[in-house]
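Notes follow the structure.
Per-chain numbering from 1; labels A, B, C, D, E and F assigned in written order.
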Amino acid sequence: MSDPFFLPPSGTDLPRYAGVPSFMRLPYLAANDPKRAEVDIGIFGLPWDGATSNRPGARHGPRALRDASTMIREMNRATGQLPFQAANIADLGDVAMSPVDQDEALESAQAFVRGVLGQDILPFMVGGDHLCTLTVLRELRAARGEAFGLVLLDSHTDLYPPYFGGKTLTHGNPFRQAIEEGCLDPTRCVMAGMRGTSYNTSDFDYGAQKGVRILPIEECMERGWGSVMQVAREVVGDAPTYVSFDIDFVDPAFAPGTGTPEVGGPTSFEAISCVRALRGLDVIGADLVEVSPPFDNGGITSWLGASVMFELICAMQP
Amino acid sequence: MSDPFFLPPSGTDLPRYAGVPSFMRLPYLAANDPKRAEVDIGIFGLPWDGATSNRPGARHGPRALRDASTMIREMNRATGQLPFQAANIADLGDVAMSPVDQDEALESAQAFVRGVLGQDILPFMVGGDHLCTLTVLRELRAARGEAFGLVLLDSHTDLYPPYFGGKTLTHGNPFRQAIEEGCLDPTRCVMAGMRGTSYNTSDFDYGAQKGVRILPIEECMERGWGSVMQVAREVVGDAPTYVSFDIDFVDPAFAPGTGTPEVGGPTSFEAISCVRALRGLDVIGADLVEVSPPFDNGGITSWLGASVMFELICAMQP
Amino acid sequence: MSDPFFLPPSGTDLPRYAGVPSFMRLPYLAANDPKRAEVDIGIFGLPWDGATSNRPGARHGPRALRDASTMIREMNRATGQLPFQAANIADLGDVAMSPVDQDEALESAQAFVRGVLGQDILPFMVGGDHLCTLTVLRELRAARGEAFGLVLLDSHTDLYPPYFGGKTLTHGNPFRQAIEEGCLDPTRCVMAGMRGTSYNTSDFDYGAQKGVRILPIEECMERGWGSVMQVAREVVGDAPTYVSFDIDFVDPAFAPGTGTPEVGGPTSFEAISCVRALRGLDVIGADLVEVSPPFDNGGITSWLGASVMFELICAMQP
Amino acid sequence: MSDPFFLPPSGTDLPRYAGVPSFMRLPYLAANDPKRAEVDIGIFGLPWDGATSNRPGARHGPRALRDASTMIREMNRATGQLPFQAANIADLGDVAMSPVDQDEALESAQAFVRGVLGQDILPFMVGGDHLCTLTVLRELRAARGEAFGLVLLDSHTDLYPPYFGGKTLTHGNPFRQAIEEGCLDPTRCVMAGMRGTSYNTSDFDYGAQKGVRILPIEECMERGWGSVMQVAREVVGDAPTYVSFDIDFVDPAFAPGTGTPEVGGPTSFEAISCVRALRGLDVIGADLVEVSPPFDNGGITSWLGASVMFELICAMQP
Amino acid sequence: MSDPFFLPPSGTDLPRYAGVPSFMRLPYLAANDPKRAEVDIGIFGLPWDGATSNRPGARHGPRALRDASTMIREMNRATGQLPFQAANIADLGDVAMSPVDQDEALESAQAFVRGVLGQDILPFMVGGDHLCTLTVLRELRAARGEAFGLVLLDSHTDLYPPYFGGKTLTHGNPFRQAIEEGCLDPTRCVMAGMRGTSYNTSDFDYGAQKGVRILPIEECMERGWGSVMQVAREVVGDAPTYVSFDIDFVDPAFAPGTGTPEVGGPTSFEAISCVRALRGLDVIGADLVEVSPPFDNGGITSWLGASVMFELICAMQP
Amino acid sequence: MSDPFFLPPSGTDLPRYAGVPSFMRLPYLAANDPKRAEVDIGIFGLPWDGATSNRPGARHGPRALRDASTMIREMNRATGQLPFQAANIADLGDVAMSPVDQDEALESAQAFVRGVLGQDILPFMVGGDHLCTLTVLRELRAARGEAFGLVLLDSHTDLYPPYFGGKTLTHGNPFRQAIEEGCLDPTRCVMAGMRGTSYNTSDFDYGAQKGVRILPIEECMERGWGSVMQVAREVVGDAPTYVSFDIDFVDPAFAPGTGTPEVGGPTSFEAISCVRALRGLDVIGADLVEVSPPFDNGGITSWLGASVMFELICAMQP
């Protein structure tokens, strides 16, 4: 049973719209807070969208997700889990990432993640754009000393070669970079939900050549999502695995507030069932990225994002 | 065949956006109007959200639903029904409920419903938040002298014990209250679509103990909605039954404008097919609640709500 | 291989939000541009909503679709097609249609279409409301000398008799008019997705009497969309066929920005799978109509419309 | 003292958001209602925008203004007037104007206005676009047998020659048409607030030649609005005068929901002070036009429009 | 010089959109935090709108104002003040007020304020609707043992007698109640900006009879705001004074997000100049109320509210 | 008289919402178009916001301003100017600036501007964020060989030292940088409208030390805008001068769609009068920056921006 310190206030004691909004109303622990030593899972924001090739705004994601997530209650009705009792979970704050200097921004994020991993905290990152994920992957690789697997739920593979002249990292290529840098074991990587127009086949070709298992949306819909997730579990197996959830995985009707929406995606029910199917894997870190509040309508994307965060946190627990 | 007085003007005679907006362009009959004596089904608004625990705004629901419902035409294409010819239906106006005094508000609503029932009008209530339903249930119980059944389409059971210190009624507990007060026969109550995080299992436990049949969303999706509604029909049988439709039953992509949205719900097609499956039951009253216009986007929630109202009215007819 | 002149700039060379927005970033060719002689498929706008019976705004459709369509990339991932390489496609601009004089507006549009057909360009029309389609059908009939088939994806049949006193054309009757004028061979017309309340059965009755195959949404959902499209292909066969896509075919959660939304429709995935199933037909023209930007939320309707346009253009190619 | 029948319910008896929304909660009297005989001032809607050259939507104006106007209370604090006690005022409903046939639409409106004038009701018209005003001017001319004066508060003169090829009436030329048809005495016409880019000087030239007094915004700001209205009163004198208020008179920050906004206009305080300065004139009719709800934000334009309507009605009273 | 603990992080160290949002990025101190003993000015939220007679939503005010206020920088450019250095200021969190029980809600708020005053903290309350102010006035009265003065910037006097049947408190009468209870010395009360329609003159009459100085908007505009504030200073003099700022004081173009907007108000520049003119008074408490985020557009009301909060805090300092 | 090639189509020939949207419907001339040789004033977009410290989105500015500017007509009513006849003006397109590499982005912009200046085209730049201005200043300096003057209308001085660790350029310091690099003669620089909270006085101090004339908003309001612009004209005199207009100069009620709004600014009328007062200066280039469409409401900011662009272009003409 968790330390009562780590239990969020109930909506019947403090209305959900009241109070300073931390992730899921969990305690906020600044960098030097001694309670950090007791944290099992740490949620932190990387409020940065400097690698976004199209519509910006994901820098505002952590703020909006904190706000929406105050509507999350204690229990996962579907699974019976009480995640905030089963583990000590905390809001570790946001990283100060420069909006105008990519190198500095990435280094700040990596330094922060290094600290989190150094305290044996399971990292849950809230983006920010998808390049933010690379900072977590790099530090996990450094901390663990070996490559690990990946489950990616997304409408894009993010396996493209560098855009815009070749010298820069963007939100279109973190996983290619992570494979190249040895963070990910490509044969234990699985990606589902890919769709939309593409520049060419270079991302799929790269994946195929490296052994990444890619399930385009047509295959997902044909198989059904239960089967998709069975494939995913087979690909990653029992070994350490990272889970990344790009909100643009879900159809824009359910998640309009994102930078690069692609029509023809799964519903929110399907998306959540995918997340639940991850339970039991050896998840060493996870993220929810690409929520872009300026393009959200009435907050439905943030609320979906907060709901997915909750399910991911449950899936990270036994 | 209905009295021509009760036929709404066609959109080809008076454009749908024109005219003083009553529900479905039906005649508005004030409390003392003698034509009330001829009414079969009476639609009225309870513009009140004083029991809302999170995002308010459902007090503006009847206004927005009147506006949207002017887009409803004469015929139900799917069933071939002409509901405004088959029965005399009218807009009975809204009840003056105090926004700042719950006791007074509930009593005003009950007095109004008493009058409606006293004229042998089948009540169709438009909320307002879900506590408004309790006023109708109480008066139906008083008028009929015995408990009746319930079909609830919702994402919440509304079977929670009192919130916020125990003394007050909220939109989280009308059905528990109605069972306790003997309005509802719990063994003839069925609830479908439940999902989202929960405080605990006290609502499910209470339902189980009393004999309420609850179908969480996972069971609904597993069974398919046809089977769900077959279960519902079996539970309520041929005896008198009330139908309550909370707009948050539908996924927030389809119904963002509500106070307590829960992701992972049915589509609008599924929702409407559920309503159609109610036809033939002995429906003694119905409602559509929790449309909150300030959180709606471009009016899609109101339009869905108006469409559901039309289908409910058709389902109440032979 | 297409003339490089006709290739849109890549998003990695010029960010998608940059530049004067033409349809899919294709070259804009004014009426007198000699490059028009080389065009295979010509996209043009009919920015007109003068026949709209309810919510106006479709006149702003071409502008919003140009903007959204700049997010379209080169390749159709699902089919492997590179449509801008396989054919010379261009933006032919918009027609100057009087917003205040219906006769003049329709004549302007027909004159423009006549010019397009005279240059052997396959027409792709972007509406505007659905009456705009009639101008294309009339000129195709004139140019080809015989009636042709139709695939209509829509929530309405648009087979109603004239509204508002009988003298005028509206967006509720273009296909009845086109059958009456001998443009369409009714026995080779198929319409899928019909739903929502109706005035009466006169449109279905007319269709039945003429031999039009109408698939209401209930039949579509029952059959599945694969079967629906098989029916469609059987009805139109190998002979010349026009394809019309009304954005209100899709559920309002996916396409709120339209004049006459009807709840209970297909998802964006289903809609796109329908379009893909058209490939291989002898398509002699196509359109995407009824996107109404003033009622759109965060542009999701425009983005869906642009995605459908891309799929339609691919389906028009071998 | 007015008949109590004509007093709107107080917000303390029936909350303002409750009830079927008529203009200012006044009684709605259908065409054949005998109470019409007792009406002093009749408010009616012309929900039509068929003459709009740019952004449509004013057809939805009367609906939105009815909704917003339910927030109006009994007393004009600034003047001490109780307008609903001083005169019998009623909502006469909307005219069924064809959205697709201009001739028919204008004739319907004129027939309605004829009936209103025939009952000696002072007409207050709610648009709709500005061409709607012409129908009132024509019937006032017919009923009175002589030309009358005009006060126009607007950002445009609406004195342009016919647009779009010369044959049609648009919202850019009602007052030129009204002068040509002898409805208005140009030497008793005054127009204030003109600004924005123009096609040319033909409207100003026409006004100058006919003797219309035009005050461009620069002159208004230089003089101050008190002086502007003094000029206006001098121009129209004691003789019969019509007052037309185009909501685009006010700056778009205060009134974004309109078809042809022009920046650099007066504030809402200035606009209202102009209306108050009209009191004491011999006002024979008035209107509020060009509120376009699809372009409104959070309803501020409708609320301003409803407030202006109230002030105009007060100004029409001694 | 303030304790560095109380200095908010600079936007150049941590981007403004990053981090858990407290008021103006000041430290959040929970009820039992020992640092509270060092606080000079305490900002807290009363997230409650249970006394709202029209459009609800002010319960979401504190959350939105925390978010917007993170854009506030260190220095007041106009006055040269560095308020966070001149005093120890902190975010004391929100009070848990029952949304469904008015008595309980008010008592919770008063208990909280009692605690704040007991620690000699100058209270700055963030609403919530205007009835929230009464809880602060009552506790200030209790703590100080005598009545005090008031400066109210508002479009309403809030001096109405009880609404809705007479038994209840609403946001239309806190100041009448406060005078009746002896909290306020009416002869040292000044109210400016009053406008809009009214029920009757009972509020003005009551004020006049008690000696409250009311400046309707017409007088304010006539005098100029400098003179208005000079009057205000004369009325309250050097003795203890409370300042209440209702965001509906400002015109709805600048502050659309509020429950009871009234057109014809001051600009944001004028509003801020009024606040600055308060400097030097003996301010014993202040508030900013009635920001209603569901009716806000793009957050301009929240941003204005946060800016006003900053100016008020500066005005409370020497 | 201008070449007819350069005249935009009238709204009476082609409705304003029709056609591919170029700036003010002027001809779009790609980089290699020979007609560029005849251009007098060239409008181009720098769709880049990579130096934005707070809310991003200005990268979408040129697209939105092209769209809104199609509502601009031929004549400046206030001045009688016909700017499109008096000079050959064209849309030169947007520069391909990398969203993820600041150095590359700035160099691309400078190369483009170099080309424009090399063709003796007077540059009118449309941002993008305010750092974009630096690229124009640098190239003007290089082309002219000497420093020049500046009129800046803005709510910020943009004279801050580098943010975020000192190594990078941001939208907070372009003018300091331009002074340091010798582009601007600080003694001929004037800045008006400064307001809002500040980090400290370092920007004002720097300006004072260098001789820049800064007029904070309080001084502007005190003097009146006519006097402000007289000061501005005196500071810059007859020598070459650049004009930069940041849309956040105007109050957020008029211009909500910007990254760093500051309340308490001028109205749109005042803003436009300031621009008109520039006529007759030796303007060697101008810009309109910081319009951020994702934060705009109903497009009022874009429309104001387009109106300001038109006035600036007029002011650049004799």
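Everything below uses one rule, namely that contacts are C-beta pairs under 8 Å (C-beta built on N, C-alpha and C of every residue); 3 or more make two chains touch, one makes a residue touch a chain.
In UniProt terms, the chains line up like this: A, B, C, D, E, F = Agmatinase.
Note that the structure is a prediction, hence the values are computed from the model and not measured.
Undergrad: For chain C and chain D, which third chains touch each of them?
TA: Intersection of chain C and chain D contact lists gives B, F.
Undergrad: For chain D and chain F, what's the span in angstrom between their mean Cα positions?
TA: Spacing between the chain centres: roughly 38 Å.
Undergrad: How far is the middle of chain B from the middle of chain F, if each middle is the mean of its Cα atoms, in Å?
TA: 55
Undergrad: Where in chain E do residues touch two or more of the other chains?
TA: Correct list: 15, 17, 53, 55, 59-60, 98-99, 163-164, 251, 253-254, 267, 295, 297.
Undergrad: Each pair of chains that touch: what are they?
TA: A-B, A-C, A-E, A-F, B-C, B-D, B-E, C-D, C-F, D-E, D-F, E-F
Undergrad: Spell out the residues on chain D that touch chain B in their complex, using ranges where they run on.
TA: 13-15, 17-22, 28, 45, 47, 59-60, 62-63, 66-67, 91, 93-99
Undergrad: What part of chain A is in contact with chain C in the complex they form?
TA: 53-55, 163-164, 194-201, 204, 216-218, 221, 251-254, 256-257, 260-265, 267, 295-297
Undergrad: So in the complex, which bits of chain B are touching chain C?
TA: It is residues 10-12, 15-17, 71-78, 80, 251, 253-254, 267-269, 272, 297-300, 303-304, 307, 310 of chain B that touch chain C.
Undergrad: Can you list the residues on chain C that touch chain D in the complex?
TA: 49-53, 55-57, 59-60, 98-102, 104, 163-165, 167-170, 294-295
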